[in-house]
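First up is the structure itself, then whatever we jot down about it.
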Amino acid sequence: MQDIALSLLLFTPLLVAFVVLFLPSTAATAFRYLTLAVNFLQVIILLIILRAYDPALALQFVEQQPWITLDLGSWGVLKAEYFLGLDGLSLPLVILSVFVMLIATISSWKIAKNVKGYFALLLILNAAIIGSFTALDFLLFYLFFEFMLLPMFFLIALWGGPKREYASIKFFLYTLLGSIFILIVMIGLYTSVHDPSVTGKLVHSFNVLHMSNATNFISNSILDPNNVWQIGWYTARQWGFLLLFVGFAIKLPMVPFHTWLPDAHVEAPTPISVILAALLLKIGGYGLLRIAFPIFPDSAVYFGWFVGLMGVISILYGGLNAMASKDLKRLIAYSSVSHMGFVLLGVASLTSEGVAGSVYQMFSHGIISAMLFLLAGVIYDRTGNRMIGNYSGLSTKMPGFTVFVLVAFFASMGLPGFSGFIAEIMVFLGAFKSNSINGPLHESLAIVATLGLLIGATYYLWTLQRMFFGPYNLKGNLSGAHMPDVNQREYSMLLPLAFVALFFGIYPQPMITIIDPFAKHFAEFVLSAGKSLMLNP
Amino acid sequence: MTDLKEKLELIGMSLSFFIPELVLTSGILLVVFLGLIKREKDSLLTLVSILIFASSFLSIALNWEAYATPNRLFGGLVRSDDFSAYLKLLFDIAAILSAIMTWRKTNNQLHLSEYYALMMAIVLGAHILVMSTNLIMVFVSLELISISSYMLAGFSFSKRGAEGSLKYFVFGSVASAIMLYGFTLLYGFTGTLDFSSVEFVQQLLGKNSIAFFIAALMAIAGFLYKIAAAPMHPWSPDVYEAAPMPVIAFLSVVPKLAGVGILTKFILAINSFGQSTVDWQFLLCLISILSLTIGNFAALWQKNPKRLMAYSSIAQSGFLLVGIASFQQQGVHFMLFYASIYLLMNFLVFSYLQYFESFGLTTLASFSGAGRKFPWASILVLVGFVALTGLPPTAGFTAKLFVFTSLWEAYQVTGKEILLWLLIFGLINTVVSLFYYLRIPYYAFIKSGESSEKANNLTVENFIGLTIVLCLLLLFFNPGLLMGWINKINFVL
Amino acid sequence: MEDIQSYEATYFTTCLVAAVALPLISFFLSFAISEKYSWIVSFSAPFLLLLSTVAAGFVFYAVWNHEPVNIQWHWFTCAGYTFTAGVLLNNIAALMLLLVTFISFIVHSYSTAYMAGDPDFRQYFAMLGFFTFSMLGIVVVDNLLLIFIFWELVGFSSYMLIGHWREKPEAAEAAKRAFLINRAGDIGFLIGLMILWANTGSFNLTDIDSLSGYSSWMTAASLCVFCGVMGKSAQFPLFSWLPDAMEGPTPVSALIHAATMVAAGIFLLARVYSLFTPPALDVVIIIGTLTALAGALSALVQFDLKKILAYSTISQLGLMVVAIGAGAPQAAMLHLFTHAFFKACLFLGAGSVIHSLHQAQHQSNTALDVQDIRNLGGLQKKLPFTFIIFLLSGAALAGVPLFTGFLSKDAILNSLMAWKGSDLSWRWLIFASAFLVSFITVLYTFRLIWSVFKGEEKVTASLSIEEPPVAMRVPMAILAATSCWLFVSWNPFDFSGWIYNGLTSVKHFHFTFIALVSAAWIVVALIVAYRIRERSFKSAVLLNGFYLDRVYRWLIESPAFQLALFTNKVDKKWIDGVLHTSAYLQLIAAHVTGWFDRVLVDGAVDGAAGLTKGIGSFARSFQSGKIQLYIFWAVFTIIIFIIWTLL
Amino acid sequence: MIASYVFYLFEAVAAISAISLIFIRNVFYGALLLIICLLALAGIFVLAFAEFIAVTQILVYAGGILVVILFGIMLTTKISGKPLVVEHNNKFSATLTGVTFFALLIYALSKESFINTPSVASQENFNNLQLIGIGLMSDFVLPFEIAGVLLLIALVGASVVASSVKSKNT
Amino acid sequence: MFPTEHFLYLGALLFSSGLIVVIVKKNMIMVLLGIELMLNASNLNLVAFNQLHPGSVAGQMFALFVIIVAVCEAAVGLAIIIQVYRYYQTSVPDEVSELNG
């Protein structure tokens, strides 16, 4: 079980996806239940994994099989592996994925149009997401990374809102552009990295762990740390870092590469925006933590201030935009931009608090944003309209709904007692401390970033005031729309999310024990390695 | 007169390496003859020609070793080696596939016997072109390909078909005249017609003369016209639009690959192992950037699938050139890999375009809702387009990865900025290409057309398509299957 | 021996946990109970609070004048530092614990009658319980991070309670403002935490107490923490939310915005006093003085019954802060203690006035603003009980001798006396202004009571008004009783009673003449107040609390919102514009190549696509279909290549 | 001595006819000019010891291609007394390319120097005809055969293309 | 014998004028003539260069094949032109431009 757990997690959805493809498209309910079954199966596997997982160890559930081994004659051997593993970074995200995917399936229950295609794509997406969170081979990671695009594209473009085509194309364009940047660096990396385990012949390895070790670089290759290969203003390594950074920042998304997000969210159907916000954005952060920073520690230290700055800018800019947006989903989308800014800030701090904070933030934002989008979906289901201005005084008609909205909003604005607070406070502590342990960030960044909390509170409270308080009425063409309170199905999605957000806000220890070793190691490694490498040339 | 005897014996011996070509030649005669005696039996002709192509394929594949060992034939006019042998295999496969496509054509192909005769002539020309090491051979075989293609392009026997073949003819003859002029000058400078010979290279070693550059450039221009790479590309969209679908599929693969093959040999010769004072690498990079740009960007506007594919093939030749531009053994190998994948992707897409055409889907807009009507076909063709774009998990991605790897290596060796630019540029172009490659699937799946009844899924196209798709996936997950073989090829000038 | 101790320990712990947790239980209970059994809440909530008060009493008994108790539980470990959840109970905390539970219990039981028939009855009690819980959290916990957490939570519950009547837009607005202003302060607090973390790597109060020496970061940290205090306990310039908060139900005002939450700031200052460096303390005292004066003056001119009390609260809080700044946290705590009782009592009294008037209105449906003192007057006959309550607690507020207020104020004045030093300096100004504040206090208290209960009835004459029910009167009576001086110390002129001595270890300085002077001062003030009773002061500035709201709106809100709109425009116009500029390029290219209509018809999926199409159209413009031009272009390009290489 | 006059005469004729072909507007005259040019070239070939090529030139071109071309003219123009006039277009681009290209070639070639060692005598004692004959059968048999195939294909194809019935147009 | 350059210059002239003819003429037959001219330029070069290598006839051989190919091209070209003429009733290249874009 130990050694195939991840593969099971990964391939069950794929298999079922094919089953779904070959079933007659009339069996709509069958698809739903199949997908649900897959999700539950994944939950079970995950529980087994959690039972066996030992936070003390670095990398576990490793599956390493040779995948592509190609003799390139004079250039040595190209070696890509089927290399999966779990550590303090990937496990929280895997937990998140499994959980959110389950929620997403439940919330897709009402999908009526071309059910077969929908659930097939959903399952493929599921596999791709799990894969990209567990892959430790760059090629494998890239495979899953790209593999998410098409299903997402079609899910938005086929089941989306009125402007779905524009939104989907935009999404696709942006993400593909990012992945191209990543591809460039990937080519450079695997050509300049060799596998130390094989002696005698030159083996170009895609193994991320090998790439993260400066000694594995072939001497005088372009990306060799001991070799200054100047291209324009920066060295090749710095360019490589920047390209990776931009590639993942687009996914994150970071200002100014974020404009695909609001459109995609606004147009996507509810379950898809849930997945988009809760999982896809995390892959950006994951990539930074797994690939960009460890592989280019020197450049990471060199550009750390810049990363942090962009994080702060995203926090404030996203918040301000959220304040100005009239569409509920758009507001939430921008708030996501703002919250993912914290991830950047925490990572850039290179302190273990900061890093732990940003991983924690990824997890908690996953939960909370999922909840937010579900809530927006609840309204949208009722009226088919998301304009904040069209509602007021909903609290009188939908008390239960209002309670959830209150929970979600306050959780999202970082009220203590919810997971968001723990994450943000740790990010702040780390970012502020960074300078004192000669990390890359200056205190002022952390101080400026705190304004984000105020802005967040502002737009959420304002929305509450506009939509839920005051006398009840519906403006626009919705007047007289029937507004029933949340129903069973919606409860079954919202309650668990709320509970999780609350639990990890009050008692973060379980998650922290998983994250902390990774964060500690990461911060120390990147900082020390970066410093030492920067001294070298 | 004794040496004459030896020569004749040598020629007799060389014939044993010429079985595929002989098969094709006799095939031409046979087909023409069949055409004379019975006109109606189209399927018979198809069968016969498929058999001929297949036998030419088998005669190479079965005793691969014999063909793999380098061998100067006919007094050094041609050399049969594994590089050319591999390309020959690709030509034959392409010919077989297009014959199948022809057989699947709903409206029967007129003058089928001549049609196949021309096709065989092209394959024959391609075979000899990639083998030839002598400028005369290059010229003659190239002309054989060209002249046959001019006529084949017009085989839709329609107004547009005539126009297409006219344009092809005029452009082609000018291009070959330019190339020929270049050849003559090269002959003048080196005093030999054998561009693989030592003296040819020696004469050029460190030759710093503009005349030489002009000559070589003119020669290369001729090859570029065959490859349909910028700046010699403008004929291809018009020709492709007019020609029947199998012919396009055929022309977009065979002459192109033949041209790439000979260009590889030729450019390495004139580059004279990097001793040349002219930076041919730079030139190739420039050409491939041009082709990528023109092909991709111009394709964005097309409303007609054929034209779209024409521009796409221009861009694809840009990618093929990338492999050569690295000027390294491995780069050539990757180019061969790319060529093989390109063949598969191209035929996948074209066979489906023909399939859709038979249902009257001739403009992009008319594909609306095709996803509902032909679910299988649409999904499979989607994979084809994804492969052309170069996204995982298709071999298209692997091929791009490989060629760009060779580029990176070249950059690492030479440190020429242009190579880096080509790398970035080519990859960015991938994003651009996405726009038009995904347009047919976009219409097919996302635009909703009039919902008509589902078409039959059990068609030959779907069978072939599925096979090709499986190949593409397989070659992504295990490129070693093909690469292992290609890597054995050692490319010698 | 051990087992006895351990037994005591467990017993103690259970009491503590009970005291803190019971309000939380009441919160959950009130939520859990379904609509139609809501009457249960009106019994369960006060009962649970009573229990918690009793438990608090035990804890108090165990802690008061004993060694401080510090129990820590492991919360989570991160970055090699163990964040503990612990309690630190010394005299201050114990006193506060008792105070909060007690007053909360009083208010609970008062509310059962006051809020009867309210549609959101259960939610009201739930939030009340939740508030009490989080307030107790602030009181007992032993590290600043946890304090911050509960600090935010009380902010949240105050938000919920101010906005209790959701249909009232003003309520929602006031709630939002209150929360945001608090958040602004809390951000300062947060930054303080960061500084602390970066420098000491610990949040524990005990570690803070052990800090020694004045380093600049301590000043910075303490001032940042003080920002939080300014927000929470309504110091200048962040006090404008408190008067607005009066939109909430009156008992809430009594509990949160008079007795406990706003006092939390003072408590915090006393708790982390050792963090404050002399320069920081100077800032603190100046802010405090300003607040005290501003509050007092504004209270003088208000017409709204509750607003007067709110402003008076502000000024009293200012006084406490002054005491802290003067280096006498014990004095501040003493005043906090006394003030909590009499101010709560005053609010409850005001509540009873409002309640009975509302009842009266409902019988004879006349509409008038029952909180506007201009409509009130001469209610003494109709509401004698309430009048007594007002009189007693008002006297305490005004600092009339023999009342608790007198003593606590005396303590503050004493500390100032000692602090100002012998030689003349700006500190004398502070000292003087403290006297001035106590003078004005008398004036507005007198004016309040007089205008409500004395004089002849105005609009209310027609109404038939009777006293509120017992459930409201008893709590008021209890609170009123506590404004007797004995409650603080046996000697009506010496504040150093059991509480004061319990709060400070230093030998207390006591200038008897200050007591006499201030007593006389009060009498003078009373006389003056009587003379000017009919005169009503008019000052728009004071009436609107120095227009702070508007200042915020001009300086912060509208700029922020403009910025937001601007960024939104940036997003649409520029960042997408980078993509969409291409749309223009595309048009140009289209013009150039004469494919205008097709560009528009074709409809670029995106700007970027548009750009590419711009280039594309350019590339395709060579594709004119004229073969000779093809040849021309091809040859021409070759020539360009050649010339390029030539050059 | 005479030979050189003749040579330059031929050169001049070829050059003039080629240039005037650019400006001539009548197809018939154009064809005739081409013939003149080709004949002049044939003369030059003779002087360059390539008699066989010269003969082929005259036979194939003058005799073959030109006749075919004239047929073409007949077929593609309505014969009506007046001479059919050919318009010119893309004059600018044509001159641009043509002249530049010419200039470039002249410039480049003028930089080249070709050793003119072999004397007239050495040329004499070779029999080009024989060499070519043997070459065609031995060294260059392959291109010869290919050329055969080429001719066959051209024949077959051309017949199909030319005879394709008009009714099939779309 | 005559200096090779003089052959080459003439060849260059023929080639360029052929190119001009191809681009300029509004008649496909004329275009064909231009192409022939270009081919002949090459022939001239070949013959000229062959002079430099007595004993080898490679150049002349090449010229021979060029002529053969030229014949085929001319034949095919005319066939195509005639076909086009059938459809378009014109022999002006520019008027044969339905395919574009």
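Order as written gives the chain letters A, B, C, D and E; numbering starts at 1 within each chain.
To be clear about the criterion, a contact is a pair of C-beta atoms (placed from the backbone, for glycine too) under 8 Å apart; a residue touches a chain by one contact, two chains touch by 3 or more.
Nothing here was measured: the structure is a model prediction, and the numbers come from that model.
Peer 1: Spelling it out: a chain qualifies if it touches chain A and also touches chain D; which chains qualify?
Peer 2: Both-contact set = B, C.
Peer 1: Chains touching chain A and chain E alike, please list them.
Peer 2: Shared contacts of chain A and chain E: B, C.
Peer 1: By mean C-alpha position, what chain is farthest away from chain A?
Peer 2: Most distant chain from chain A: D.
Peer 1: What chain pair shows the greatest number of contacts?
Peer 2: D-E
Peer 1: Taking each chain's centre as the mean of its C-alpha atoms, which one lies nearest the mean of all protein C-alpha atoms here?
Peer 2: Chain A is the most central one.
Peer 1: Among all chains, whose Cα centre is located farthest from the one for chain B?
Peer 2: Centroid comparison gives C as the farthest chain from chain B.
Peer 1: Taking the mean of the C-alpha atoms as each chain's centre, how many Å separate chain C from chain D?
Peer 2: 101
Peer 1: Distance from the CA centroid of chain A to that of chain C, rounded to the nearest Å?
Peer 2: It comes to 37 Å between the two C-alpha centres.
Peer 1: What whole-number Å value describes the gap between the mean CA coordinates of chain A and chain B?
Peer 2: Taking the mean C-alpha position of each chain, the two centres sit 43 Å apart.
Peer 1: How big is the gap, in whole Å, between where the Cα atoms of chain C centre and where those of chain E centre?
Peer 2: 95
Peer 1: Listing for chain C: what residues touch at least two other chains?
Peer 2: 605, 609, 620, 623, 625, 627-628, 631-632, 635, 642
Peer 1: Find every residue in chain B that makes contact with two or more other chains and list them.
Peer 2: Residues 136, 140, 143, 147, 151, 154, 158-160, 165-167, 170, 174, 178, 188, 210, 214, 237-238, 301, 435 of chain B touch two or more partner chains.
Peer 1: Counting only residues that touch at least 2 other chains, which ones in chain A make the list?
Peer 2: 165, 169, 173 - these are the residues of chain A that touch more than one other chain.
Peer 1: Return all touching chain pairs.
Peer 2: Per the contact definition above, the touching pairs are A-B, A-C, B-C, B-D, B-E, C-D, C-E, D-E.
Peer 1: With touch defined as at the start, can you tell me which chain D residues reach chain E in the complex?
Peer 2: 4, 7-8, 11, 14-15, 18-19, 21-22, 27, 30-31, 34, 37-38, 41, 44-45, 47-50, 52-53, 56-57, 60-61, 64-65, 68-69, 71-73, 75-77, 86-91, 93-95, 97-99, 101-102, 105-106, 109-110, 112, 114-120, 122-123, 126, 128, 131-132, 135-136, 139-140, 143, 147, 150-151, 154-155, 157-159, 161-162, 164, 166, 169
Peer 1: Over in the complex, which chain E residues touch chain D? Could you list them?
Peer 2: 1-10, 12-21, 23-30, 32-34, 36-37, 40, 43-44, 47-52, 54-55, 57, 60-61, 63-65, 67-72, 74-76, 78-83, 85-87, 91-92, 94
Peer 1: Flag every residue of chain C that touches chain E in the complex, lowest number first.
Peer 2: 620, 623-628, 631-632, 635
Peer 1: Would you pull the chain C residues touching chain B in the complex into a rising list?
Peer 2: Residues of chain C touching chain B: 595, 598, 602, 605, 609, 612-613, 615-620, 622-623, 625, 627-628, 630-631, 633-635, 637-638, 641-642, 645-646.
Peer 1: Of all residues in chain D, which touch chain B in the complex?
Peer 2: Residue list for chain D touching chain B: 104-105, 107-109, 111-112, 114, 134, 138-143, 146-147, 149-150, 152-154, 156-158, 160-161, 164-165, 168-170.
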